[in-house]
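What follows is a set of structures to go through.
First subunit A sits with subunit B, and in the next complex the same chain sits with subunit C.
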Partner chain A sequence: MSFHAKMAYDATFQKSARELAPDDAPFAYTPENRARLDAILERYPADRKRSAVLPALYLVQYQQGYITPGAMRAVAEALAITPADVEDVVSYYTMFHTRPVGKYVLNVCRTLSCAVNGAGRVVEELCAKLGIRPGETDPTGTFTLVEVECLGACDRAPVVMVNDAWHECLDPAAAGRLVDDLRARGEAALSGCLHKVEEQ
Partner chain B sequence: MATIFIDQRSYDVPDGMNLLDASLTLGFNLPYFCWHPALGSVGACRQCAVKQFRDEKDMRGRLVMACMTAAAPNTRISIDDPDAREFRKSVGEWLMVHHPHDCPVCDEGGECHLQDMEVMDQQTYRRYRGLKRTFRNQDLGPFVNHEMNRCIQCYRCVRFYRDYAGGRDFDAFFLRDRVFFGRQSDGVLESPFSGNLVEVCPTGVFTDKTLKLHFTRKWDERTAPSICVHCAAGCNTIAGERYGLLRRIRNRFNGEVNGYFLCDRGRYGYEFVNGPRRVRAPRIAGRADAAAPSDAVARAASPLAGGSGAIGIGSPRASLEANFALRALVGPDRFCSGMGAAEHRLVSEVLRLLQEGPAPAASLHDAAQADAVLVLGEDVTNTAPMLALALRQSVRQQPMKAAAALRIPAWDDTAVRNALQDERGPLYIATVAATPLDDVAAATMHAAPDDLARIGCAIAHALDQAAPSPRGALAADAALVGRIAGALRAAERPLVVAGVSLASQAVLDAAARVAHALHAAGRPVRIALVVPECNSLGAAMLGGCDLDDATALLWPGSPLIVLENDLPRRCGADRAARLFERAGELVVVDHTLTPTAERATIVLPAATFAEGDGTYVNGEGRAQRAFQVFVAGGDVQESWRWLRDLMRASGRGGAAAAWETLDDVTGALARELPAFAAVRDVAPPATFRIAGTRIAREPARYSGRTARDANVTVHEPEPPGDPDSALSFTMEGFQAQPPPAQPPSALIPRFWAPGWNSVQSVNYYQTVVGGPLRGGDPGLRLIEPAAPGAPAAAGRAPSAFEPDDRDWLCVPMYEIFGSEELSALAPSVAALAPRAYVALNDGDLHRAGLREGGDAVVASADGTCRLQVRRVASLPPGVAGIGVGLQGAPWMRLPDRARIHPAERDR
Partner chain C sequence: MPVIEMEQVLIPHVREPNSFTLDFYLAHGGYAALKTALGRTPDEIIEMVKASGLRGRGGAGFPTGMKWQFVDKKIEPRYIVCNADESEPGTFKDHLLMERNPHLLVEGCAIGCYAIGARTAYIYIRGEFHHVQRHLERAIEEAYAAGYLGRDILGSGFDCDVFVHRGAGAYEAGEETALLESLEGKRAQPRNKPPVPAVAGLYGKPSAVNNVETLCNVPIVVSRGVEWYTSIGPEKNGGPKLYCVSGHVKRPGVYEATMNITLRELVEGRAGGVRDGRTLKAVIPGGSSVPILLPDQLDTQASFDGVQRAGSLLGSAAIVVLDDTTCMVWLAENLLHFYRHESCGKCTPCREGTDWLHKILARIERGEGQMSDLDLLASISRNVGGKTLCAFGDAAITPVVTTLKHFRDEYEAHVREGRCTRPAPWRARHLVGAH
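And then the complex of A and B:
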């Protein structure tokens, strides 16, 4: 509430824990994911398990799409750190979702190289096409549009990362076609250029 | 010394400072946010910009952050430069973009560093007309209130909470303008130092939640320099009052003791002063209404007048003056320290060790500076919390040498932490069970008290072959013992920490042996021995007998005078009852209606630390004075005055009956007992004047002075006089203010400097920023070891502990919230105090058939009691921990053997 007419208070930003889906259920890795996590943990000394916090979180996200408070607690326990340590990381990085997202997350880079090469128009096109604003998910739950900072492929600007796949040199029309293609062919439409964390 | 130039004038500053340290030390007003003298610089807020010039010909200069730039010789800067001012002002403006304009309803208003800095920046009007980001706040427990919208992202809170105090449940979340500081979810802050957030945060994000219940602005508080009475660390505090209610406790900087911080027991325990259990008028048993003071005194004095037999039981939680007055009333032979036999013996042993040496006592400052530490038997976080915070800093000392070798200045916190990573110096902790300090230890050992003593002996033996070597297997491996001995021997400032909390003479002996061996090896070792209460050492120095002796001395029917002491807590309800039955008149002088006071025939209402002056001797042997903050209502007066009144009415006490002022008492004490010769000089006498006046307890802006009592009288009452100190109770007098005129350090009632209304004003009272107060830090050490030091303890190391099939060895365990008598009466502290418990490890739980959280019956020679079962995996087999002093915990002699079985069996 505000007592100054020009100073409306905006209640959009809240601490993530409150924004999360109500589901605060306990989280458990599937046996395969747990095995993958254990393999990753082996790379670090026993008292430095916290080093694996990023891959541990990616595994959660691969498993259930987004990271719940319950999952943060599970990760904290697996790495012998506190839930606060985990949320510190989750809340810092844009790649981690704390709410359900669409099947395809369209991460549009809006940093300098992409910006001067028309990333703004790409965002406009995607907004129009999907009927959503950045940060939102379309009603069918298929697409989430996110604006992010530099994706490290500036020479191929503008860049859109769809889940783990880079799509480069996208003009607005190509971005529109990408959406159609994803609708039609699903995962097959993704470029083969993948970003995979701590795998191999 | 380095010569630097600020705005064309040259100044000499100590080497190794940064430009912000240096400017503040020189008295310049240079605004800052993220820097904190105890936390160092990170250059995050950009508020401290100054212009630096290459040489005298450079006219353009460049903006640098003062906190991140070394004050190297010939550095030339301008604080007044228009570009620098403009830059600082713009920082002030953007920090206000999201900050609410709610000073009138903000608890921080009037003592807010952000307010001060905005005024200093002359950032008065806001141009931003957009939306403000808002957060939802968290419930962080009974101590700290959370109002995130006021955050200016300086990161001091996380740096204190995590980096300095080792808390892990608090963090920074999100990024950019959404950064959020708090916990992952609502809940009590886990660190026992969380209350410092209130002072560390430069804005009103974290404020004192107990103050909120009876809020008063800083400028409306009457304050006095005080001493924390909740453990033997003796932290310095500022206590503030209005309308007869003690409102809050804040830190009072003392470079040798607590520095900038307090523990939560010390900050929040004060509420006992306002509690419903306070005695405010004399009580005579059998009379429903309050008695007139003269009646009560006359009645209490009449059996004393007969001349013989009265026994006086003093108290380790009462001031020296009170104890000494009691000693004068009953005579030295009939004066009891108020401690049980075991405690009395061990505290006296500590006193002997400190007096005879060879190792001198370590102050908290010394502890933080130690570069190798052995903790033997003491869970310092729960028995002397601020010592734990100091030891947490000690582990940085050795790695800091590496940083220095890399030419990283100690104040450059980010660079130091990056260079050191997780490097920690040698801190070895040997205790009965895991302690909250273990996370920074190089190694920990958990064993029964005798086994801890054996580890200590083995270390002493490794250092000095003359020390006895324990026979048989040790609870720690030989390589570790060797490492510990090596680390202590190699250190420049080794420290041995022990104490009386385990009630084990063997542990104390072993610690003394290690110190002795190090001393024999020519190392400058110090020793920190933790005693239980705020004046335990003072009571021991007065040299009375213990409670057992007092019981034996008491002739049936003779009067018993108990000073600020609850005997069932010391020797159990049964023995106390026997003592009470044996006594004729039972006179209790106390501020709180304890079970002892309930049994009394006469209760005389005593002043608390906030209502009367008193001197306390902390565990280091440092005598410090707490000054009266306000005049308590009713018939409350200092214990020593009641006892003096008894002397007058009974014709006893000799010259002491003529005492009128505190200075009379301390003067007599200094004359009569040589150990206390310095006690008069702990603070200036009541006749001291500065610029011809007293020092005012009320700030110049104290409001409503003439209307304050309008509900009682429309005439402004005559202010009370103060015969005991050089402080005045009103705003008349010298207003605390830094140089050229600043009160003597023991008499600083609050910190304030022109333009600096927040706690940060302390910068201007120090010789150098972060260094001692001008005129020396307050307090005087009464004990220094005699040269050349006593010989090492004779005798052998104890034999190894043998677990028993049927019994457990019960040892005491302590809780920062709950184990101390007075703070446990404060509702906020009580809310965090656990139920009385017995703790066992998993195997023993199984063996005894107990379930965690269930109830157990503990049967010892002192009777049986029912306690909640706690699982403590690190306890050695055969050892049970009993939480002491907790609500519902009956007294039990510890250590002792006891049977433990599930409570159900009894039903």
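And then the complex of A and C:
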């Protein structure tokens, strides 16, 4: 989150050619997601439904890509809290999008250990390749580039998180190739977490 | 001769296929500690953990047994909350534990619940660790199916549930009271203390908040015994420890050792030393929030007390190694960018101070600073440190204070020459703060 408007993470900084849904667009969970939410609610005391606000918002984001005002009202109703309570949370955590994003969100870690391994160069290569700046989505709506803070994979730096998947030990000079690779092969292009010895 | 090299107990098999499965864990003695624990009284387990001297591995090094003893046993329900928000820059040990040895954590949660009389543990995992979360959830499912979690565990009458709760991108959620707020469905902002979580934690109920590595040490204390546990490592710094080494080294990674090991053995031995024929400039021994140590301090013992004697903190044992190409003004700017972004905004000195510090550092780094900015940095730091609800404020000013102390000449050179005097080849070509 950030209180400082000029920071790249700020929602207002995010630009996308994709159209924003109108504020009064209604939202309803699919039956599968509603069932998932009900199962999640079982984990918390019956009078503490509010605890499920983060999982409830993730379900919205997986269902429709980003979180609309209508979805915040639906989450509020499901958890018996106010829409303001939900917006308070959405506006705080960095992993929720309030505007449309690309099919692939490239989250490049920029903090110290990744930075000394060339993360700054990774961002530059990706910017050049996509013709956008951090915080923006490319005109085809395929890629959104975001600089993020420490992802916790400092021994496999530099690391990029693409949606929920990881790509580690990236060669800064070859970062542009990742874009082509993702276009061609989708998430199969990603290294995953390199701890997974079974899959190497 | 102190014991340094030891049989690995936290991450012994993590490079082997299927190390994360229940079958593998059981074949290597898994859940034996839970069986042992359920044959003792909860108070005996707390006494055992107290006697082991196990200190919290999250950063503060507070004795875990004491924390459990402080949990108010008169109030129901009580909770174990596992802090798996691993967000301190340079730290990646819990990630490895949860992905490759998740049953150790599940077993630790169950024993913890038994000890404090809780029947629910929540593991709060950072949102970015979604792939790790899947491993952890699969391990939990396996443990339920095999009767190590759920109702009447191993016929003891003890019930225990373990749930994973996913965060959504907030460094501050690693602070224990902010984590509880987040778990309750609110912004991750710290609470005023007292009351401590042991008295009024999750949902206002007595709770113990423990780091992943801490809870992973609990089954080891129970199965190996107090005598073994205290015998490895220096006095009051016993037990196995995971070290995260990253930065300009040949072999970055997670290394397990006793706390007799020195920073030199970790950096030059385990991690292979500084790479590309460069020389060592500085070491951050405990994550971005702690003071820098210089090359002549490498023989410091990498224990909680050893690093503190050297003027820094072991913190989360995240050792970031920096070679002579590193500009220390750039380093401070990089880390203050982090703190400025991650400040939760609750306390004004931190919210505004981190932004001011970053702005000034960025302009010095760009070559637009003045000599008076150096005193301004020190003055702002004094007005943030110790003036916030949680330790974030003190953490955030540390990169500024420590670089000004040891590398003031680099700041002065930036101002004098009107440019960064050490633009390393691995850095972005664009100017700092250009976007």
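Methods note: the second predicted complex is superposed on the first by the 162 of 200 C-alpha atoms of A that agree within 3 Å, B and C clash if a C-alpha of one lies under 4 Å from a C-alpha of the other, contacts with A are read in each partner's own complex, and residues count from 1 in each chain.
The rule is short, and it goes like this: contacts are C-beta pairs under 8 Å (C-beta built on N, C-alpha and C of every residue); 3 or more make two chains touch, one makes a residue touch a chain.
What you see is a predicted model, and the numbers here were worked out from it, not measured in a lab.
Undergrad: Applying the document's definition of touch, where does A:Y92 land relative to subunit B and subunit C: first, second, both, or neither?
TA: After superposing on A, A:Y92 lies in contact with both subunit B and subunit C.
Undergrad: Looking only at contacts as defined up top, I'd like to know whether subunit B or subunit C touches more of subunit A.
TA: In the superposed model, C touches more residues of subunit A.
Undergrad: Thinking of the overlay built on chain A, is A:V53 touched by subunit B (first), by subunit C (second), by both, or by neither?
TA: second
Undergrad: Considering only the touch criterion stated at the top, classify A:P134 as touching first (subunit B), second (subunit C), both, or neither.
TA: It touches subunit C, and subunit B stays clear.
Undergrad: Which partner does A:A174 contact after superposing on A: first (subunit B), second (subunit C), both, neither?
TA: Neither: A:A174 stays clear of subunit B and subunit C.
Undergrad: On the A-aligned overlay, A:M72 touches which partner chain: subunit B = first, subunit C = second, or both, or neither?
TA: first
Undergrad: After superposition on the shared chain, which partner residues are touched by A:T82: those of subunit B (first), subunit C (second), both, or neither?
TA: Touch partner of A:T82: subunit B, not subunit C.
Undergrad: Which parts of subunit A are touched by subunit B and by subunit C alike?
TA: Correct list for subunit A: 7-9, 81, 85, 88, 92.
Undergrad: Subunit B touches which residues of subunit A in the complex?
TA: So the residues of subunit A touching subunit B come out as 6-18, 69, 72, 81-88, 91-92.
Undergrad: Going by the contact rule at the top, pick out the subunit B residues touching subunit A in the complex.
TA: Per the stated touch rule, the residues are 129, 131-136, 138, 148, 168-175, 177-178, 180, 182-185.
Undergrad: So in the complex, which bits of subunit C are touching subunit A?
TA: Against subunit A, subunit C makes touches at 14-18, 86-92, 95-96, 99-100, 122, 126-132, 161, 163, 165-171, 182-188, 203, 244-248, 252-254, 284, 288, 318, 320, 322, 326, 331, 334-335, 337-338, 340-345, 351, 355, 424, 426-430, 435.
Undergrad: Could you list, by residue number, the parts of subunit A that touch subunit C in their complex?
TA: Of all residues in subunit A, those touching subunit C are 1-4, 7-9, 43, 45, 48, 50-55, 57-58, 79, 81, 85, 88-89, 92-96, 107, 110-113, 115-118, 120-121, 123-124, 133-134, 148-157, 161, 164-166, 172, 192-193, 195-198.
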